[in-house]
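Next come two complexes built around subunit A: one with subunit B, the other with subunit C.
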Partner chain A sequence: MTAYLTNLASLGAIFCILAATLNVAVGYAGIFSVAHAVFFGLGAYAGAQVSLLLVPDALLAMLAAALVSGVLSLCLALPALRVRGEYFVAASLGLQMMAVTLFSEAKTVTGGIGGLTGIPGPRLFGVEVSTLPVALGALAVILLATALLMRSSFGRTLQAIRDAESAAEALGKNVAAAKALAVAFACAGAGVAGALFAMHMQFVNVESFTLDQSVLIMAMVIIGGTGTLWGPLVGAVILLSLPAGLAFLPFIPSTEVGAVQQVIYGLAMTLLMIFRPAGLVGDLSRGKSHA
Partner chain B sequence: MSGMNSGRRALLGGLAVAPFVGSARAQSAAPYIVGTLFPMSGPNAEYGSVFTAGAALAIQHINADGILRRPVRIQAEDTQALPQQAVVAMNKLVSVDHAHYVLSAFTAVSKAVAPVGDRARTVMVNGGAVGPDLSGLSPYFWNVIPLAHLETQALLPFMIQRGLKRVALVYVDDPLGDAILGILRTSLPAAGGSLVGNFSVPRTAQQFAPVAARIRQTRPDAVYIASFGAQQSQIIKQLRDNGVSQPLVSYSAMNIDSVRNTPEAEGLIFTTQSTDFEGGDAVTRRFATDFKAQHNADPGTYQVNYYNAVRLFGLLAQSLERENAEVNGENLRRVLLAQREFDLVGGKGRFDDLGNMSAALQITEIRGGRLVKIG
Partner chain C sequence: MTAPLLICEGLSRSFGGVKAVAGVSLSLTAGMVTALVGPNGAGKTTCFNLITGNLRADAGKAMLRGQSIMGLKPHQVARQGVARSFQDLRLFTHMSVRDNVLAATETSAWFWQPGGAAARRAREAATEEALARTGLTALAEARAMDLAYAERKFLSMARILAARADIWLLDEPASGLDLSSRRRFGELLKEARRQGVAICLIEHNLDVVTELADRIAFLDQGKVLAEGEPEAILRDPKLAAIYFGDREDAA
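Now for the complex of A and B:
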């Protein structure tokens, strides 16, 4: 049982990183990206290649993954951030679809659909370690960085852009630079999660970085509460533990767990959006319509 | 669809009853757990039901025969054919359910769970995926299905003999498709034929009219389809709808209801494992008779494979019980490598050092929605 719970907790910590970093873009900067799984994937492939070709060191893999995802996000964010709101959603959707094709076709780097196998588990300074403490450490650093950033003038600029982009621009804020940096921070964090994911699973292929994954991460943020530090973590834990918990319910035939899970997912999302539109941890006054 | 629902009900009924069928001696002990990592929801759920039906029947037979001191029980986990869900499920099977033996399917799922099973020294058996890269994933990862490259190789002499020398290939862009492309590129010319065109399609593609047009331009004698899942029947239908009238050939993935029930699949030729359900050995006849009685349908290749996978567990565990050894991954592997050859559905199954089973293959054709052996 311990190994099972440790595995779930490791995946939970990885998805908490993903949700927390997406929250920087969605919750604080108002940039609705449905391509977070792309940068998760870039980080996973970068981390896997570092572990396979150089040295299976978790810190090095995470650093390389953060660099690759962060830098590539800038290349893509600078032109894409010229558009706002739903237009950015469409642009990120296009990026997501293009990336899945690239991940499938760049076989020398990604292994194509067959993926990369035999990725060594995480090591720190040559000592084999469990993924969980490394992932929790990375999550703590990212949460701390997020909290500090959001209390700084940069954070206030982002929130001003989220609430009224034109007004922020009129006040002399460099909107493009702030948004690009927010996206880079979010994507570098997703890259760290990707490297951890690759080392934990010891196998990666494109099926973990599809639009479904991006939507799942977005759902974690929305269910937990956008623009809050802890909300996305609550969302990630709920959405990951729900299917795992359902598998233990004795009155659901184990062969029907998947179908029941999908129904409960849908129902929970609908109910949540009706009764807690700002998410479980979000401000209750936000999101509700007023007659 | 109603047939599928009734099959599902029968399957669930079988799963519920299976643990309680068997000798009084077997019922008194804690059961052996056979875990399944199949897609039970999502677009590949059809496969999960098909795979489970074969495994459930084998468990029923093992329990009824009382060949083991303990009953055998299925613990099903839904993977949706996705690697991440599969790793969570495999960890549950290994750490919580303490599964003695795990059945796997789908290439990505198998690759993702192999490290988990390897660390836990739990035997994992694939009877559904045929990618050649599944060979040697772990000492504890075995295949009870001939991998795709062996099937394609076996079909070539038949095609040349029938005059189907100019072959066009439609292949899914993944390791399976790549492997079949490689074989047709190298072995087809050596056998006296030629690959006149190869057309890759993404795994999620559902529109094949442009591919059909390009195939017609190559004027082939036959079209080889290397795909799997919901895509297969669409490829067949759209090739026929768009004027490709040449014989269609493929491998055992075509042996599913959605293909057999596609009118355009009439005349489709493909390789399957050799199974003589009426005139074969006692194991094969019993399997076919009981399967038909339970499901009111002929069994397919996948049901045979997963029946064989579980039957193999029964035979190996029986050997271990006789020598009073613990039934665990290491011992199961030791007995497998010591015995190598087992009486399974379809005849003798032989295993190599990597745990890959080789079995006799046959060539079948769909005629009137039924499979007819033609070679």
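Now for the complex of A and C:
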């Protein structure tokens, strides 16, 4: 039971990192990306390869993953960020679809559909450690960095762009550069989560980096509350605990848990959008119509 | 006479077959208020968009202090000292009043602003001064979305004040203001004029235009039909007929 809970907590911390970093793009900068799982995947493959080919060090794997995901996000974001709003959602959707195919086909790097196996567990300075404290440490660093950034001029710039992009430009803000930085920060964080995921599972394949995963991470952010520090964490914990909690309910057959879970997701999202459009932790006045 | 800060010559822009701006020439001088007047659809806001780089001109040029600003992006034009307001205000609604103004003083898109602690103090001082001049100090912690209409208008002005630009392009800044707010707004503009700001305002309220403008450029169908002293322009029966939509009288 302890191992089960530790595993759940480790995955919880990893998904908290994913939700918290996506929130930087969605909640603070207003960039709606449905391709966060792509950068989660890039980080997972990068971290796995570092552990398999170089040295199984968690810090090195996370650093490499953050660099690969952050830099590649810039290459992809710079052209895509020239479009606004719903057009960016469509562009990121295209990227997500393309990446799944690439992950499946680039067998030398990703292991194809079969994935990469035998990835060493996390080690710090040669000592084997559990994923949970490393993931919690990474989450704490990312949350601290996010809190500091959002209180800084950079945070004000992102929020200004989110609220009125043309007015931000008219006040001298280089919108494309600020958005690209926000995306790079968010994707580097997703990369860190990917490296942790690869070391924790000791196996990765494309199944973990599909559109479903991106939508799940987006749901965590929206349900918890966009543009808040703690909201995405609440969303991640709720959505991860849900399948685990449902599995313990005796009146739901184990074969039906998946279907019940989908119904609950859908219902929860619909009710939230009606009664708390800014999410569970979000500001009540946000998102509601003022008409 | 002082040389103009901004000179536009022959600015033109069409949308499909419609000539929104057709060869507009305009100059803005330090310490002078120029009003763009004309009926709806005359091309006034499009002129602003062409100057600020929000739209590319099909023809013509815009020179700022002798340097061309054609082809520059909006943020680059803004950094050269051209600030603008929008008809629909475009405030940063979820941010506090103070953060709205402070954001106007920060132009770097990087994780930090240049200049260290001294520059930060200067930005904070500019913010507090802009809040005081617009009467928003007491509301500094309120969110922009919670302000009353007139206060929102003044917040839009506070951002421009804090940006320390020497050219202001104001799109209907006094529309919807009550008499007392309009007076406060007038004082704000007169003070900026005394400080040497070149102001161009689009305004439908002719009382405001008469009180504040040093010159008027009358636009219709994308062209400057007349330019000169407010009294002369506003007394012209032909222009009045166009302004009030009676084109037969104008002809």
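Quick notes on this structure:
Following the convention adopted for this analysis, the second predicted complex is superposed on the first by the 290 of 291 C-alpha atoms of A that agree within 3 Å, B and C clash if a C-alpha of one lies under 4 Å from a C-alpha of the other, contacts with A are read in each partner's own complex, and residues count from 1 in each chain.
Here, a residue touches a chain if its C-beta (ideal position, glycine included) is under 8 Å from a C-beta of that chain, and two chains touch if they have at least 3 such contacts.
Keep in mind it's a predicted model, so treat the numbers as computed, not measured.
In the overlay built on the shared chain, the residue A:Gln159 is in contact with subunit C alone; subunit B does not reach it.
When both complexes are overlaid on chain A, the residue A:Gly227 reaches subunit C alone and has no touch with subunit B. Contacts of A:Cys75 after superposition: neither subunit B nor subunit C is touched. By the document's definition of touching, of the two partners only subunit B reaches A:Asn7; subunit C does not.
By the document's definition of touching, of the two partners only subunit C reaches A:Ala167; subunit B does not.
With both structures placed on the common chain, the touch criterion links A:Leu149 to subunit C but leaves subunit B unconnected. Once the two complexes are overlaid on the shared chain, A:Ala177 sits against subunit C while remaining clear of subunit B.
Within subunit A, no residue touches subunit B in one complex and subunit C in the other. Residue ranges on subunit B touching subunit A, taken from their complex, read 11-12, 15-16, 39-42, 45, 48-49, 52, 75-78, 80, 82-85, 87-89, 91-92, 94-96, 107-108, 111-112, 114-115, 131, 133, 137, 173-175, 178, 202-203. Per the touch definition, subunit C reaches subunit A in the complex via residues 52, 54, 73-75, 78-79, 83-84, 86, 90-95, 99-100, 102-104, 106-113, 145, 159, 163.
On the side of subunit A, the complex with subunit B involves touching residues 1-4, 7-8, 11, 101, 104-105, 112-115, 117, 201-203, 205, 207-208, 243-244, 247, 253-259, 261-262. Residues 149, 152-154, 156-157, 159-160, 162-164, 166-175, 177-178, 181, 227, 283, 285-286 of subunit A are the ones touching subunit C in the complex.
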